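One structure is given below, represented as structure tokens, and several questions about it will come after.
In order of appearance the chains are A, B, C, D, E and F, and numbering begins at 1 in each one.
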Amino acid sequence: MSATLLIWSVTLAQLLLALALACGCLRMLRGPDARDRLLGFDAVSVNAMLLLLVFGIRTGSALYFEMALVIALLGFVGTAAFARFLMRGEVIE
Amino acid sequence: MSGWVGQLMILPILLPLLAGAAMVLLGEQRRRVKAALGVASVLAVLGVAVLLLWRADAVDGMAGIYRLGDWPAPFGIVLVVDRLSAMMVLLASILALAALVFSLANWHRAGPHFHPLFQFLLMGLNGAFLTGDVFNLFVFFEILLAASYGLALYGAGIARIRAGLHYIAVNLSASLLFLIGAGLLYGAAGTLNMADLAARLPMLTGSDRALFEAGAAILGTAFLVKAGMWPLGFWLAPTYAVASPPAAAIFAIMSKVGVYAVLRLWLLLFGAEHGSAMAFGADWLLFGGIVTVGFGAIGVLATQDMGHLAGSSILVSSGTLLAAIGVGQVGVTAGALFYLVSSTLAICAFFLLIELVERDREASADVLAVTLEAFGEGEAPPDAADPVGTATPVAMAMLGISFVCCALLLAGLPPLSGFIAKFAVLTALLNPVGAAAGGAVPAGSWALLAVVIFSGFTAIVAMTRAGIRVLWSPLDRSVPEVRGAEIAPIALLLLLCLGLTVQAGPVMRYMQDAAVSLYTPLDYVRSVLPAAVGTARPGGGGA
Amino acid sequence: MMHAAELPAWAALLTALLLLSGAGLALIGSLGLLRLESFYARVHAPTLGTTLGLACILAASMLYFSMLQARPVLHELLIAGFVTITTPVSLMLLARAALYRDRRAGSTEVPMPVLPRDAEAALGQWRAPDGG
Amino acid sequence: MTGWLPFPLLSAALLAVWLLLVQSLGLGSVLLGAVLAIAGGHALAALQPPGARVRRPGVMLRLVLLVLGDIARSNLAVARIVLRLGRRGRRAGFVRIPLELRDRYGLAALACIITATPGTIWVEFDSAAGAVLIHVLDLIDEEAWVRTIKQRYERPLMEIFE
Amino acid sequence: MELVIALAIGVLSGSGVWLLLRPRSYQVIIGLGLVSSAVNLFIFGMGRLRVGVAPVLAPGADPTQYADPLPQALVLTAIVIGFATTALFLVVLLAARGLTGTDHVDGREHDP
Amino acid sequence: MPDDMLLIAAIALLFTGALVAGLLPANARNAEAWLAGVIALIGLGLMLSFWPAVAHGGVVRHEIAWLPTLGLNLVLRLDGFAWMFAVLVTGIGFLVVLYARYYMSPDDPVPRFFAFFLAFMGSMLGLVLSGNLIQLVFFWELTSLFSFLLIGYWHHTAAARDGARMALTITTLGGLCLLAGVLVLGHIVGSYDLDIVLASGDRIRADPLYLPALILVLLGALTKSAQFPFQFWLPNAMAAPTPVSAYLHSATLVKAGVFLLARLWPVLAGTDAWFWIVGTTGLITLLLGAYVAIFQNDLKGLLAYSTISHLGLITLLLGLNSRLATVAAIFHMLNHAIFKASLFMAAGAIDHETGTRDIRRLSGLRQSMPITAALAVVAAAAMAGVPLVNGFLSKEMFFAESLTAPAPLPPFEGMLPVAATLAGVFSVAYSLRFICGVFLGPAPVGLPRQPHEPPRLMRFPVELLVLACLAVGIFPAITVGPLLAAAAAAVLGAATPAYSLAVWHGFTLPLLMSTVALAGGVVLYLLLRRHLGGEAEGAPLLRRFEGRRLFERAMVLLSWRIASSLHGLMGTFRLQPQLRLVVLAALAAAFWPVYRQGWPAAWPDLAGLDPVIVVLWAVGGATAIAAAWQAKYHRFTALILVGGAGLATCVTFVWFSAPDLALTQLLVETVTAILILLGLRWLPKRVKGAEPAGAAAGMRRLGDLAIAVAAGSGLALLAYAAMSRPAPDAISRYFLERAYTEGGGTNVVNVILVDFRGFDTLGEITVLGVVALTVFALLRRFRPPPESLDRPEQQRIQGAYDAARPDRAVGDTAADAMLVPATLMRLLFPVIGLFAIFLLLRGHDQPGGGFAAGLTMSIAVILQYMAGGTRWAEARLRVRPLRWLGAGLLLAAGTGGAALLFGRPFLTSYFSYLHLPGIGAVPLASALLFDLGVFLLVVGATALMLVALAHQSIRSHQAPRRADPGAAKVGEG
């Protein structure tokens, strides 16, 4: 019973997150501006991180946790660099 | 082979690596220390290569298998030293010695990190020749390409950058093809060891076979790009033409790495099955090789620039080799190996020579341009006040003699080894081993003969034109200033070519033995995989 | 789902609930990315996923693995901590970049900086292409 | 800033992070973690950050709980807005808030709080004017926002950091 | 699953090849990146696709139950090398832009 | 009977002499001459000593193994024919050396001259002594080479350069054809040995490859002997010093061609093809050469065309397929060598003493140079075929043969005697012109030098040769009889016909022809006399066909224009077509086996599709395509979009059990994005503007789209086919079984990377290190586009705003903007560093490893650069990327190398557990050390690249022409 429940909820959660990913992607594609795309990209990476956490639950394995951790810790670096470029025209001054 | 002799096999890779790493640690200054270190490393590698060659010839063609990390083949990576690989390592180290000594006169000061890059290039070359693993071959390809990118762009300058961009783009694409090919081989056969691939291939059927062959064909395409085969090699001549001389000189062997890979892998994988005839793609090699020779020959004619001339000569050399491999006969392959050595030495010498004979004409414009571009900073120009060398009639005579020798070698005229090499290929082409005198000769062989003769003619026309222009210039030009360190390596290379002529008999015997082993891949497989032989080889015919 | 059957029903239920609400919040946040009208409005949306949404899913994960391994599994807290520190960095930079850009483009949607009276002229610098 | 433990708080946090990472409380892990945590403090010291003093842990704890609650509530509010539930006529806009807080860690904490809370975002800080510009998704009353931010967050932060 | 990944490889490599054939050096570098990704996925796929069986050994498990680790190691190597070459290409591209005054891959604009 | 070793000794002596001559000092004129003379004399003596051995059909053979497996040995073979040539080569060589001693000026660099001369003599001797056809080609080409160097001896003159080049071009072209022909002959016969080839005449003539072989060999011979239409190089070779001309034209270079024709006469002649090709060529050359010679104003030019004509005569004789004619040909080779050498020397003496060779300026030299005049008259008489001089004898044999030769086609019947007589008329006319123009008439005026007799020793060679002309001409049977017999027998063997060597054969038709020729020649000369000596150069009717100009034009056309356009047609210097070809080649390569073996996969099964992966790749694919779409004008956007595809790849790796890959991919994506962003700073914006919008551009784009779609589909199909097959029994099982027990780690991927295939990893980090060094070196010389030199627009605006506000300093906007982010980034520095260490330490057992750790660490560093700027960061962090790089590489290689000390192969790993009280087992593995090396290198290399790129900003913001210590610091520390 609890297994079925979990399987269904995990599957559904993954689906929802996948849709969230798609929403982020749509924003990346639609723009209209670089900043909107960047926002979309940020959302996609956050949703990917959530997806990986749920995937960890699905497989019962902690192996994928570090991956989520890396996104949590370092995922912002890319966005920050992009945003800094937009703001100052240069990543490192 | 055990004990210290067994450990020799890793040294051609390890010594340059350690030397290069140490040079990086030494920083940008202390060029003398680095130069000494570099020469020591190259000399040591040269010595090891001679030993390996001697071993390989003494121990019936197989000096040994080196199991890296002590893991058995096919699981770990192995180095395989046989006649062919030992010869290539020796050739690479000779070229390296020549180019390095040459660079010590001047060029190693023209930019940062020349010495480590040079060592890494040597490491990559030796690794590519020695490895017995497909993916490891990729890695060494990348090492030598990365180092060659550095050396090709060494000294920067607009022409180098322009050509370098093409060089890198094309070769990166080829590297991607290499990966796809290697991946497919693994996906179909489940192994990466070359001998193991050869052993497993006969057992592959149907779809797996198709995938394997597709992988091999894609891999072959990558090799052919590196070898500069028409129409995949347009990048080669422009890049080599503008590379700094010591870099270009050692590049003379880089296109041969692609040729080597084709020779090694094709005969190993597909040689055993088809006996002496390599059915798989051989026609393409022959045809492509012939067109490459033609294209190279036309390129030789069509240029006034000696660098381009040398680059196109590389195409001629590559094309001849590829076509000779495509013919798929032991004798032709043996001749091709002789040709490979001779043409590589010659082109290397020529690349070095170009700079000397043109030095005066362009008044070291290159070097100056480089320093002007340096954004007003960086290292001092190679001592503008300090004369580059001494001007003597002897120097002029040496240049003239060297130039004539290079011309003879490129054109395949006597008395140097170019003639013997060309003869060795052509006679084997017309007189296949085992065939009666006057037997039928395939059309492809005739075409190859024609195009090789033609390429010799174009070389002599172009070299005469160039030589007269630079050495018999009507203007009362001053005698170029040349250092001993610059002319000595050229002389060494040319003397080696002379040696090849005089000692043609023993050398050719070595080449024939090497070719015979290439055409008996089962021996190779047996050496690498002692356990695997005899267990599962249903279709393996063997020559 | 190898060992899911070993979970007690309440834990399974709670995990499922947390998972679904977390994923749902993330989806709503991302939906906001599509539906909200302007960039400055959209910039708020992903925070749903990085705050409560994330918290729910992390909680689900902690609960699930703690039950499964019969020991407290807490390393999910690291993710929470890291996300809390890092997400604002990128969002702030992004919002500021947008602000500067809009000021430069002369948008009336964004406010100009508040200035001391004698420095009103400085405002012009945002609009003049090479003012300086 | 010198000595063997330049940033004790940070080092403690690093040790905690390490232990969470290795998921072990064995002696070996703790020892190694302690060494790394101290080394981490020195690494930060190399960057010569301004000194930080954190006082009033009670206030800090209360603030954390408060913020967590606010974040949870704001989540639901924003979710409603996205799903277009509830009242119409929402207005988004910028609010400029004059601050007295000057400590950069305090400001950083405030920025994190504001940005992490759905519906508000820290946009621009003017050090000369001492004012921050925030964007609010559902802006009903600017004055109310200024008051809220200053009282709910700025004051406790000033207590902690200054 | 194989179908989706194969399609993914196809789309990535197709977009990448399109960019490789474009005249602007920046297009080429982005193209190389995309094709690299495709090739990495391709090699990875040669070990076949299996879900949730990462080759991290648990005590007492059957070795056959794990995903093939070798292609993963190969891809790791390929990723590193791809990173290196991308960096190099980038710098050469920048140098070419600076020296030639154009971002055309041939270092000069061609008349249409 | 001399030892056959002496044959090789003679050749070796000549080449050694050449080497020694080349090493003597530049002013050693006498020493050079002594050396060369003695050596030539010794060579002559050696050859003469072989006379008894060859006089009666004997053959001396000396073989040295050279390349036995390919049938190429050094075979020296001396028979009567070869002996005749060997004696000519060494004998006339000796005389020329003697002559040259006086001819060459003290200013000339004589070492070069004598070195080339002796080497040429050696090559020629080697050629005539060759007993192996390949060896013959070998020396043949050497004669081309050294003649080139001799002709170009005075290379400061354009004539010498052009003449030398023309000679080399034509003769090596012929030589290469000869090589091909000889190869074909060898293929037919199965050997290159001359004896075997000579014994296989019937087989060769019957072979279907006879004609190609014949044509190729003839191309070699006829070019060398300056036969029509290749005759033009010879007159231009006159630019050589006269001793050289005397030598090349008489005994050597040009004779090599007819020597070869005679040598191979027994196997190649006797067919219609031979008759038509060789005979016709000879006839045309004979007439043409003689005709043109009449109109030459240059003494040497006249002699050169006469040479052409006489060689044509010899060729014609050989082409007649008649044994007697062949004997005549051999005889004429000898005669021509003797009289032509003397004539050239005489002409040289005239040139030397008067300073000109122009017949129009010379006149009446019989008074000032009486002895030379007498000698020249005799030699010219031989050239004209006057009785009692040697030329008469062979010429009459020719006239006789012309009457009896078979004429395969009726229209040409009877034409040969007429042509022969006409040629005789011409030769008499030009000989007369030589004598009358130079020695008769009034005393010369306005010559550059006052003429007088040349030195005694300079005249001596001429005297000797003229004496020979007379001796042979008067007493042929005793002087030249045995020699000719031996030579003819060596060529024709047992079938040598009977012939008579007498001055007087009675009133025969040939005698009549000789008389007609003499009379006609005199008449012709008298008729033409008034017209000769005009300003016009060259022969009437043929003036426009000046060989040299035609040759130059042809060379420019063939070797330059056509070559260039063909090269352009066959190749390209543009990148796009090259990449297109690479892609197409790969497509074809992959398609071909599939085409041969059939489609290797089943149809897809749509069941079991995970919707998450479908959505994921809908996202990934869409972003990839969008990136491709945007990359031209919106670089920044494209970069963001690529990030989307990269994330999808990461998630896929995780999904399909590759956490290590996902980790690394994500980190690499991040670092790459930063790198490219740093680069974007230096790429000025592209503006949409005048782009090729024509139909051609559209078609090209469409074509590229098709290629892209084909490549994508191809790779997808291959991937699908492979993935849907059952996995082969792969070697990876070994790794899974032994990773823990023998490799000491549970993360099999990592164990493979650091142990099973650690060698790959070592190579891979080397690549990274090498690239970092290259990037660094390139950036050292980086010159940004002028458009990018200024600060970015954003910074300028924000800076201006700050400047305009009294309460702010420039840079405050940036500082305020970064206030909070920078604080957080700084705090994250130790956290990320800690995480990097964590990844490094656990890598062997769990996802992670040196590479991921290294990238993480470098991100931590670069974040500080982002937060505070380069100066800020470098004032605080002493990053020394080169040290890290070198140390990492050394550590990794050293760890592997340590195994060597224990007698184990490179990279053999070691691990064990150290038991510490209270802590337990601490794993100690060499693999960790190796991974640490990887870590250090990756940090060093990545930081080096990023920082070097970041440094460009501060470099360009400074005074752009001043040295920047900061940039240098990146490397050093």
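Observations on the structure shown:
Just so it is clear, a residue touches a chain if its C-beta (ideal position, glycine included) is under 8 Å from a C-beta of that chain, and two chains touch if they have at least 3 such contacts.
These figures come from a predicted structure and were not determined experimentally.
The chains in contact with chain A and with chain C alike are F.
Looking at chain C and chain F, the chains in contact with each of them are A, D.
Relative to chain F, the chain whose mean Cα position lies farthest away is D. The chain pair A-E and the chain pair B-E differ in C-beta contact count, and the higher one is B-E. One simple way to say how far apart two chains are is to compare their mean CA positions; for chain C and chain D this gives 14 Å.
With centres taken as mean Cα positions, chain F sits 73 Å from chain D. Here the CA centre of chain D is 39 Å from the CA centre of chain E.
Remark: chain B and chain F have CA centroids separated by 16 Å (rounded to whole angstrom).
Residues of chain A in contact with at least two other chains: 14, 17, 19, 21, 24, 38, 58-59, 63, 69, 73, 75, 80, 84, 86-87.
Touching two or more other chains at once are residues 135, 139, 142, 146, 149, 153, 156, 165-166, 169, 173, 180, 184, 186-187, 192, 373 of chain B. Shared interface positions of chain C, i.e. residues touching 2 or more other chains, are given as 29, 31, 43, 45, 50, 53, 75, 78, 82, 85-89, 91-93, 96, 100. The touch graph of the protein chains shown belongs to none of the named shapes. Annotation, chain-chain contacts: A-C, A-E, A-F, B-E, B-F, C-D, C-F, D-F, E-F (touch as defined at the top). Against chain F, the residues of chain C that register as touching in their complex are 82, 85-86, 88-89, 92-93, 96, 100, 104, 115-116, 118-119, 121-126, 128-132.
Residues of chain A touching chain F in their complex: 14-15, 17-19, 21-22, 24-25, 28-29, 31, 34, 37-38, 41, 44-45, 48, 51-52, 55, 63-64, 66-67, 69-71, 73-75, 77-78, 80-82, 84-93. Taken together, the chain E residues at the contact with chain A in this complex read 51-52, 54, 56. Interface residues of chain F, counted against chain C in their complex, comprise 793-794, 796-801, 803-807, 817, 820-821, 824-825, 827-828, 831.
Residues 805, 807-808, 812, 815-817, 819-820, 823-824, 826-827, 829-831, 833-835, 837-838, 842, 864, 876-877, 916, 918-920, 922 of chain F touch chain D in their complex.
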